[in-house]
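After this come two complexes, each holding subunit A, first together with subunit B and then together with subunit C.
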Partner chain A sequence: MTFYSHQFFLFAAGAWAAFWLAPARFRWAILLACSYWFCLCLGWRATALLLAVSLASYLLGLSIAGVRESRRFSVLSLGIVADVLARVMVKYVRHGWVAAAGVSFYVFQSLSYLIDIYLERIPAERHLGRFLLYLAFFPKLMQGPIERAEDLLPQCQAAGRFDRGRMIEGVQLVILGLFKKAVIADRLAFLANAVFDKIDGHGGVTLLIGLYAYCLQLYLDFSGYTDVARGVGKLFGIELRENFNQPFLATTVPDFWRRWHMSFTAWLRDYLFTPIMAQLRALGTTAVIIAAMTTFVVCGLWHGAGWGFLIFGALHGVYVSVSLLTLKKRDLFLSRAHIPEAAVLWARRVVTFHLVAAAFVFFRCASLGDAAYFFSHLWSGGNSSIILRTFSPIELGILGLSLLGLGFGRSLRPMLLRYPALFWAVLANAVIFLGIKSDAPFLYFRF
Partner chain B sequence: MAGTQTMERLCGVFRTVFDDDAIVLRAEMTAADVDGWDSLSHVNLVLAVENAFKIRLSTKDIMRCRNVGEFADVIERKSAGSP
Partner chain C sequence: MPRSYISGSSFGRARDFLLLTAAVAVLCGIGFESIFHRLGETLDYGRVLDLQAETGELFGQGYFNAELPYKMLGIRKARPRVLALGSSTIMQLRRADFPPGITFYNAALAASVGGDLDGMLRMLESLSDADKPKTIIIGLDPWLFNPDYPPNRNVRRRRSWVPLWVARFPPRMWWLSEEERMRVRFGAYETLIRDQRPWVGCLLSGSRRPGIGLEAKIKRCGFASDGSYIYPADPAASASRELSAEEWAARLAADRYRFAAGDQLDGLAGQKLARLLEACRNRGIKAIGILPPLRRDFLRSLEALPSHSVFFDRFRRWVPAVFEDGGGKCYDFSRPESLGLTGADFIDENHASSRAWARIVQRMAREL
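Let's turn to the complex of A and B:
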């Protein structure tokens, strides 16, 4: 049951009605029942795993808070090992008996919950039902955002004040998210797939076009998913974290990671990068390099066990280390060179985008051989005819207009908001009539 | 809640580390509010604080702080000699 399916809409509408018709004090229970039902639709093994991880985290959380201070770290370690094992069992052991369904995302929530109790930033949750809901809440179950207990748990408790403005915002976010996914991302996929699925024979320009299409597809697919998740969350009165902030306008690679999959990178920063840096701080710059390389190799391998993901992570580790260690000197050099600020800004954006795109080659290519082909044929001619072979002129128009609309969305807003109903009606109709009707899953579902 | 004296001394450390005499600290400030407060300057900040206040912060202390106010509280507690 993906977000872009009739079943999901029937399910969400039913859940919404049941939720608001129920007395306020039972609403969390309705939401929990719906979330587990949603998970059951993904498979009973996935549900059993979710329940097992949830129960273990609940009990471990209580015992971290309850035991003597000297024992707390041992209990926390047990929780970390259990969570990592659950994740590794599903993703790396390919016996096929455990279905994934969001485990990568809720395991991170379980880890941050336990660590925060250990750090005495939050108390352990005593109410089992609300804790189960914190991990299972269905809009964010499959692909995040990765929520923090201090943000989501209080909302699980308070669930249920009907606010018309928030409902409208929720519906608008759902429409926007589906528009990004079905009208643009799934359409761009045709172009990216035409290049990457059979990479041999393509020349440099064609390869670059494929890569640009893929970067945009990945961004719109995942940020579209997040919009839908946040929108559905609002329909139940729950605010989920924002995951993207115009990542392709980043001016450095660390800046990119502060704008891309933010709930995940904030997690890595708080629970991996910072402790490593803190532990090794006497080493100075070496600590930065060790912390960045470890964090981004984990980030790469989180996506899957393959050389491509490992290289993707390691490349970003190198990018981030070099960027952090040289930023001050580069700033000083540029300020002395008297280059116009706007030129520096755009040059930085273009360079950052291409560094990120180069790493995405390893993310997208089916094999290292394909990635090697990509880089060795980048200067070998090619042409843009693949665009016209993939899209009809009408489809090109739809894509161009949609991308322009999204790109200039912020500056167009005052004009659009003069006729909001018309704007959202057009967007909703675009989703229905111009959306790609394949059952293409959201790209991050497989992680 | 940390006292004014600690906040003032901490502000001095911030101004040196971020090379900006205009910084004025408030308890609820986070990394997002200070220009140039990235992971690297965070480490420099911790080292400078340990040096200035003659204390040693644990990894747990560093992870626990969510804003300047909590940071100042930890510094005050450590300076007073409690764990």
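Let's turn to the complex of A and C:
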């Protein structure tokens, strides 16, 4: 049951009606039942794993809060080992990909919950049902956002007050998310797949076009999912974190990570990068390098067990280290060179985008051989005819208009405010009539 | 949701949004449907058959596959004395091949539409006594008797867990058929948008361009008024090229569809054939079976490969025997030498051309 299926919409509509018709004190139970039903639709193994991780985290959370000071760290360590083991078992000892649905995301939530209790940032949750809901809330189950207990648990406890404005925002986010996914990302996938699924024989220009298409596809697919998740969350009175903030307009690689998969990056920053930096502060610049490399290698391996993901992470570790260590000098040089600010801004954006895109080559290619082919043939000619072979003229028009519309989203706001109903009606119909109907799973579903 | 929760302005905005969404959806739907109608894709089949009778134009859809209702209506309009049933292998059988005075209609369906022998039986049973033919010619393709042919596999799978009353429960069927209809429709909208064929040109030239449906307009291929199929003037060269034994071995090893490896015939298919012949006997219809010709290079490979030879040998011996036990006459034309056919008489490895089928009609003229 994917977000872009009529089964999901029937399910969500039923859940929504049951939720708001139920007495306020039982709404969490409705939401919990719906979340576990949703998970069951993904497979009983996925449900059993979610339940096991949830129960273990619940009991360990209570233990950390309840045991003597000297034993707290041991209990936390046990929790961390259990969570990491669950993640590693599913990821590296595969028994069918369905079993892995969402585990990467709720294990991180479980870890942050236990660490926050240990650091006495939050109290342990005593209500089992609400804790189960914190990990299982169905809109964010499969691909996040990775929520913090301090944000989501209070919302699970609150009865949920019907807010008209929030409902409207929710519906709008769902439409926008589906538009990004079905109309643009799934369409760009034809181009990206045409290049990367059989990379041999393509020239440099073609490879570059495929890479640009893939970068946009990945962003719109994942941010589309997040929009739908946040929109559905709002329909149940729950606010989920924003995950993207125009990442391809970032001016440095660290800036990119502040805008891309923000809930995951914030997790890595708070529970990995910052603690390592704090421990190794005495080492100076070496500490920055060690912290950045460790954080991004973990980031790469979080995506999967493969050399491509490892290189992706390591490459970003190098980017971030170099960026953090040279930023001041670069700023000083550019200010002395008297280059117009706008030119510097756009040059930084272009360079950052291409650095990120180069790392995505390892992310997308099926093997290191394919990645090597990509870089070795980048200057070998090629042409843009693949665009015309892949898309019909109507599709090119749809993509052009859609990308222009997204690019100039802020400029369109005055028009939106004048005719909002018409705008959203057109967007909803674009999803229905122009969306790709094939059941293409969201890209981050496999992580 | 209690109405009191919604203020006037919010309710107005939600109402405006819903009304506008519905209005835009209707406009989009009308737009797509108009395009399909103008291309001849969604014309009423009665109208299609009338147009074909008047002008002889071909009917070839590009976005839909409505062979079954089109052919059923075609049979009722033509009320032929001789009717052909089968798959695309028998679609080259034409009215012109028959002696004057014998009316003929080719009701063969693509294998993906007609499925199996039960599909032919259903077609026959749905004909009234007034519409029924005197003779039917049945194309007996090898895959109809292959236990690994997907429709044969699906029958076994469905029987194992879906009770019959569930499959026949009317509300469920209504829901599923509506859902399927919508899925096909929206799938066609998507195909139209993705289509790189020059349909816009066909749309503008409209009725001036011959043919009904996009395939007929662009490729000049489709069903003729006698139900037979006309291939494009320039069929793919790769299909007509004869292959070496090694090439066929590789292709057949990978085939999981019509020529999947195996040595047993499907017992259930034998029962279906017996039922079909019994229905013919009960209704006084003469049944003629034909094992369609196969191109020489392909046939040699089927007979030489250990993975396929046993099945193919059993098929050629067992099926005519079952057919004749059931009271029909069966011709084995699978060997091209039996008709004096060369590679030039084939469109591809298992589709003989209209020339070959004209010879087949001459051979069985006595039975007609």
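The rule is simple: the second predicted complex is superposed on the first by the 442 of 447 C-alpha atoms of A that agree within 3 Å, B and C clash if a C-alpha of one lies under 4 Å from a C-alpha of the other, contacts with A are read in each partner's own complex, and residues count from 1 in each chain.
The rule is simple: a contact is a pair of C-beta atoms (placed from the backbone, for glycine too) under 8 Å apart; a residue touches a chain by one contact, two chains touch by 3 or more.
What you see is a predicted model, and the numbers here were worked out from it, not measured in a lab.
Student: Once the structures are superposed on A, label A:436 by its partner contacts, choosing first (subunit B), second (subunit C), both or neither.
Tutor: It touches subunit C, and subunit B stays clear.
Student: After superposition on the shared chain, which partner residues are touched by A:281: those of subunit B (first), subunit C (second), both, or neither?
Tutor: A:281: touches subunit B, not subunit C.
Student: Given the touch rule stated above, what does A:161 touch, subunit B (first), subunit C (second), both, or neither?
Tutor: Once the two structures are laid over each other on A, A:161 reaches no partner at all.
Student: Does subunit B (first) or subunit C (second) touch A:269, or do both, or does neither?
Tutor: Only subunit B; A:269 stays clear of subunit C.
Student: Given the touch rule stated above, what does A:121 touch, subunit B (first), subunit C (second), both, or neither?
Tutor: First partner only.
Student: Going by the contact rule set out at the top, does A:420 touch subunit B (first), subunit C (second), both, or neither?
Tutor: second
Student: Both subunit B and subunit C touch subunit A; at which residues?
Tutor: none
Student: Applying the document's contact rule, which stretches of subunit B touch subunit A when the two form their complex?
Tutor: Going by the criterion above, the answer is residues 38-40, 42-43, 46-47, 57, 59-60, 62-64, 66.
Student: Help me check something: in the complex, which residues belonging to subunit C touch subunit A?
Tutor: Counting only subunit C, the residues touching subunit A are 1, 5-7, 10, 13-14, 16-17, 20-21, 23-25, 28, 32, 183, 186-187, 189-190, 193-196.
Student: What does subunit A use to touch subunit B in their complex?
Tutor: 115, 118-121, 254, 269-271, 273-275, 277-279, 281, 284, 287-288, 291-292, 324-325, 327
Student: Which of the residues in subunit A end up touching subunit C in this complex?
Tutor: 20, 162, 164-165, 168, 171, 391-392, 394-395, 398, 420-422, 424-426, 428-429, 432-437
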